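Here chain A shows up in two complexes: once beside chain B, once beside chain C.
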Partner chain A sequence: MANLLWLQGGACSGNTMSFLNAEEPSACDLVTDFGINILWQPSLGLELGDNVKTILQKCISGEIKLDIFVFEGTVVNAPNGTGEWNRFCGRPMKEWVKELSAAAQFVVAIGDCATYGGIPAMAPNPSESVGMQFMKRAKGGSLGAGFVAKSGLPVINIPGCPAHPDWVTQILVAVATGRAGDLTLDEFHRPKTFFSSFTQTGCTRNMHFAYKVSTTAFGQRKGCLFYDLGCRGPMTHSPCNRILWNRHSSKTRAGMPCLGCTEPEFPFFDLAPGTVFKTQTVMGVPKDMPTGVDKTGYIKLTAAAKGMAPAWAEKDIFVV
Partner chain B sequence: MADETLRETIAERLALGLKTEVWPRAETSADVNAIVRRLQVEAKDDLDKKLIIAGFTDHVIVAEGLEQPCETCMYYQVHARFCDLPELMLPVEPNWSCRLWRI
Partner chain C sequence: MSAAIQTLDISPVGRVEGDLDVRVEIQNGVVTNAWTHAELFRGFEVILKDKDPQAGLVVTPRACGICGASHLTCAAWALDTAWGTTVPRNAILARNLGQIVESLQSLPRHHYGLFMIDYTNENYAKSPFYEEAVKRYSPFTGTSYEAGVTISGRPVEIYALLGGQWPHSSFMVPGGVMCAPTLTDVTRAWSILEHFRQNWIEPLWLGCSMERYEQIQTLDQFEAWIEESPKHANSDLGLFWRMSKEIGLQHYGKGHGKFVTWGYLPHEDKYQKPTIDGRSSAVIMKSGTYDGATDTFGPMEHIFTREDMSRAWYDEGKVVHPFDRTTKPISKNAVDPDGKYSWATAVRHSERGALEAGPLARRLIAGNTAGQAFQHSDGLVLDMYRKMGGASIMLRHFARMHELCILYREAERILREFKLNDEWYIKPTERDGRGWGATEAIRGALCHWIEVEGGKIKNYQIIAPTTWNVGPRSTDGQRGPIEEALIGTPIKNQHDPVEVGHVCRSYDSCLVCTVHAHDATTGEELARFRTA
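Right after this comes the complex of A and B.
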């Protein structure tokens, strides 16, 4: 039996909604089949008020063994570093986060807000939000760069806006069943099993990427979304086209550009007007290249591939 | 008008010296957006205005060391010899150029 406590800070509850839609395993399967005891969760917990506070205090004191502490949303520091804008059970949430993290065997940050600050932490960041152990790309965040939980692991980051339910449940199961040793994390503390490949990996529009045929408007089934509509699939680490959403689709399969929500910089360009769903260019060349590709190589490859494009690549064909 | 006829019409106007806004090129995405907005608001279906605002030429323009022919542009459909940018949607030639070129 592994005790799990889940709290929310500066959050929209999107990751909780995603988690509750998990199928294999489902949230119920975590309890019945994998021995996870959910001490409290904002949408599932039965306790209210002082009864919740008692659970938290017992976790901190050690009276209740806290195996997994899950946090969703940013850690709010406003105003002036006090955290008073996000009070929970009688005190700033940031204080609960610090003490519960110190008491837990494993700390798991879920969603882009908890991992890297996400939307609340974009400029001018009025809520003084930070992620659990990162602020965008910079290590540190709320718990500090050197933090490790009792298990010896730093905060395990499962980014996404929201995180896919399978990423959440599979990591929780691994931790709860004693297989945390199998986890390897990348430089941003993301489990490599999910975040080594790109969103583009498995994208059904890859043939259009190869032949440099662009989607020019939403709803088109032809074309690649990278060239004009700002898709970040070629430079975003996620398995969105390997582990499908609702088991059968993804943003790009549905004609929606990848927003790069599993990367620390999300949302890119702080959502400045003209930057969303629009590939940013300098003199006609994309500002952000596919990972590992340089500008000169990109231009040569594109010119050659464009000239080789077969006629079918320019047709509106069904790619889902 | 059929694509072939329209392409010939455009070629003729450019050859006759239609003054288009070749420079400045759209250096940043903000520049691109501004030109596209003008196409939406000012040009609509007016052929001459489309050619002028987009800065069409019947030859390749080189900007900051980059050749910018329709042929390598992301909006160009090789087999149809057609510009697929929604605000233009014009038959073109591979060696033409415009300042909305992107690769």
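Right after this comes the complex of A and C.
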């Protein structure tokens, strides 16, 4: 039995919607099979009988033990640092976030907004949004670089826009079943079990990547999206092609370039003119290399690969 | 009860999503006045200024994670009209399928996850249907709740086959779509639809075949269908209908009685050269307005749209067309029922004033027999509207769920129409210009305006269905649609005013609304609860 409270700040509810697609376990299974007691969630159907505010206050006072505090969306500070542009239960949400985080055993930030600021925090950041414990790559965020929850862990970041439901449910089950000790986090507080491999790991276009065969325009079945269409799969940490989306696919499999949404810089280049769905290059060489590859190595590797590419690589292997 | 006026405050809807608050005044147990106010501002229009023209494809689906496919649809068509693209037949079908499966997902998710829970409220303990409602609709453990919420994830699996994931793919782009599905994607999609039908639509929702349900064309035929078999009467649809009537949900939540839809689902052979002006005559689901008082239909085009900011937290004139907006938020955001009180603007038709958006609006306008042969017509909800005394909580929610079979059939048609070896994308030439894209999200009329100048976004504006419905008063003092619909709502228990929740939830306003009731004389808080 673990009490869970889930609130939303500068959010689109996408992580809640993604969460409701969960299958193993499903959102209902979490409650009925794993004893997670959802105290309140903005979209899930719990009747409160009385009021949300009382529940929040009881969590803060300790009258209700708050095992897991989940936050979705940015922490809004506008205008002028007051947080009044995101009021909840009569006061700025950021005040609730601070007090509830201090009372919780585990604090979990879900989605890119809550982890690193995401789209609302993109320049010019009109809502003065930040993440729970980061602002883009910089540690700090709303709660401060030194924050740790009662369990001793800092904010557990589950990034992605949205986060995959399994990333969320598996962390919740780990905590609820007493396996939180197995959680190891990387420098951006992401669980290593999910975010050490790359989005490209398991992508069906890997053979085309290897032979530098490009998808030159959308709507093609062949090729790799990295060379022309701006795909960030080789330098983004996520299990999107290991743990498939909605049971079937991933963006890169379907033909959509990875946007790098599990990395703190998302959205990359602040979506400046010329940067959307186009690989940024200097003298024909990508500005951002696959992680760990240097420019000289890349040029040698791709020249050799292209020269040795088999004839089938230029044909459509994913045929009707 | 004294005739003293008591005040109820309702909380969290941003401009396109987020947090809605509502304040209601109650006298003699009935709502006599109401204010809806949005309590979250993220500034997506501000963020999009000066960005890449295609930035809207990435940003706007993330304005709302619930209607992301609908935003993407608008963003893509807006760029198509601005750039003057050619969109291949397959791509039009794929976009429509993406829109449809998102809506199919939302039907059980909203019905069980948000709407029916209120039927288990103690307020209805004396209803003969109460015990059954508790058994089926209790959160997480109700038999229909668990089945319905869990199966709601299946239709968007089809979205993942096209776009890689739901929510938040950007697979629709000017000139077409990013994907090129194969036969196995199509056959998987068929099997997902079949599963949804065999495991929810027919056994749980209808208690009969889709074909039998589709024969119903009038209110009388619908009620005869309920009587025809205990399977129909005891299905989730049958129970919704009978219990709603028994607890009186056909009697309030009326609203202005004026409706709007942009229409949607452009026909694959009629919109390959998309223009703003050509859209209404190319959509399968008709656009238009309907005025219940005079029982008349009217046309709807984007040029009729106005945003009135006299009561909203912006400093940019009073009434403008979205192309002329500048999105200047103000920092003094105290709620002032006599002045400014919301982040939502008051959206108005330049001639018809405040209009209600949503499935009820779509279904009423579908009842218009005028239109072209390829356009969908269906008179059931219009017949119900005329015979049941206009809009109500019950009819609004019925209209939403009635779209299930209609959307399902259109999804099937699309799967038959894909020509897998034909093109999915035609690379467009980027250029400056103005564009407009629209669709119908499950909860109503959604559209985007874009102006591209010097290769970047000069102005991007979004009007969401919730903006239409939840907006505040206009300069002339006319209430917004939900504000109006709340008038006359009976409140049985002021400490748990579930009736106010019914009204707000019947509009499926985006996300968290918290209702909290205050005694006007003592200021004591009486109750607070969620409405969505």
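As a convention for this text, the second predicted complex is superposed on the first by the 312 of 320 C-alpha atoms of A that agree within 3 Å, B and C clash if a C-alpha of one lies under 4 Å from a C-alpha of the other, contacts with A are read in each partner's own complex, and residues count from 1 in each chain.
In this text, contacts are C-beta pairs under 8 Å (C-beta built on N, C-alpha and C of every residue); 3 or more make two chains touch, one makes a residue touch a chain.
The structure displayed is predicted, hence computed values, not measured ones.
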{"item": "Three-chain arrangement built on chain A, chain B and chain C clash or fit", "value": "fit"}
{"item": "Which of chain B and chain C A:K212 touches, first, second, both or neither", "value": "first"}
{"item": "More chain A residues in contact [chain B versus chain C]", "value": "C"}
{"item": "Chain B versus chain C as contact partner of A:G274, first or second or both or neither", "value": "both"}
{"item": "Partner chain in contact with A:Y227 - chain B first, chain C second, else both or neither", "value": "first"}
{"item": "First, second, both or neither for A:A311, with chain B first and chain C second", "value": "first"}
{"item": "Partner chain(s) touched by A:R137 [first = chain B, second = chain C, both, neither]", "value": "neither"}
{"item": "Partner chain(s) touched by A:T302 [first = chain B, second = chain C, both, neither]", "value": "first"}
{"item": "Contacts of A:L259 with chain B and chain C, given as first, second, both or neither", "value": "second"}
{"item": "Partner chain(s) touched by A:M283 [first = chain B, second = chain C, both, neither]", "value": "first"}
{"item": "Once both complexes are placed on the shared chain, angle at chain A toward chain B and chain C, C-alpha, multiple of 10 degrees", "value": "90"}
{"item": "CA minimum distance (chain B, chain C), superposed complexes, angstrom", "value": "6"}
{"item": "Residues on chain A lying within both footprints (that of chain B and that of chain C)", "value": "217, 274-275"}
{"item": "Interface residues, chain C side, partner chain A - complex", "value": "11-12, 17-19, 39-44, 46-47, 50-55, 57-59, 62-66, 68, 91, 109, 112-114, 117, 120-121, 139-141, 145-146, 149-150, 152-153, 156-157, 159-171, 173, 175-180, 182-183, 188, 329, 331, 333, 420-421, 423-425, 427, 455-456, 496, 510-512, 514, 516, 525, 527-530, 532"}
{"item": "Chain A residues within the chain B interface of the complex", "value": "212-214, 216-217, 227-228, 274-275, 278-287, 298-299, 302-303, 306-307, 309, 311, 314"}
{"item": "Chain A contact footprint on chain B (complex, rising order)", "value": "25-30, 32-33, 63-64, 66, 68, 71-80, 84-86, 101-103"}
{"item": "Contact set on chain A toward chain C in their complex", "value": "8, 10-18, 20-23, 26-28, 31-32, 38, 42-53, 74, 76, 78-80, 84-90, 118-120, 122-127, 129, 161-162, 217-221, 240, 244-256, 259, 267, 270-277, 318-320"}
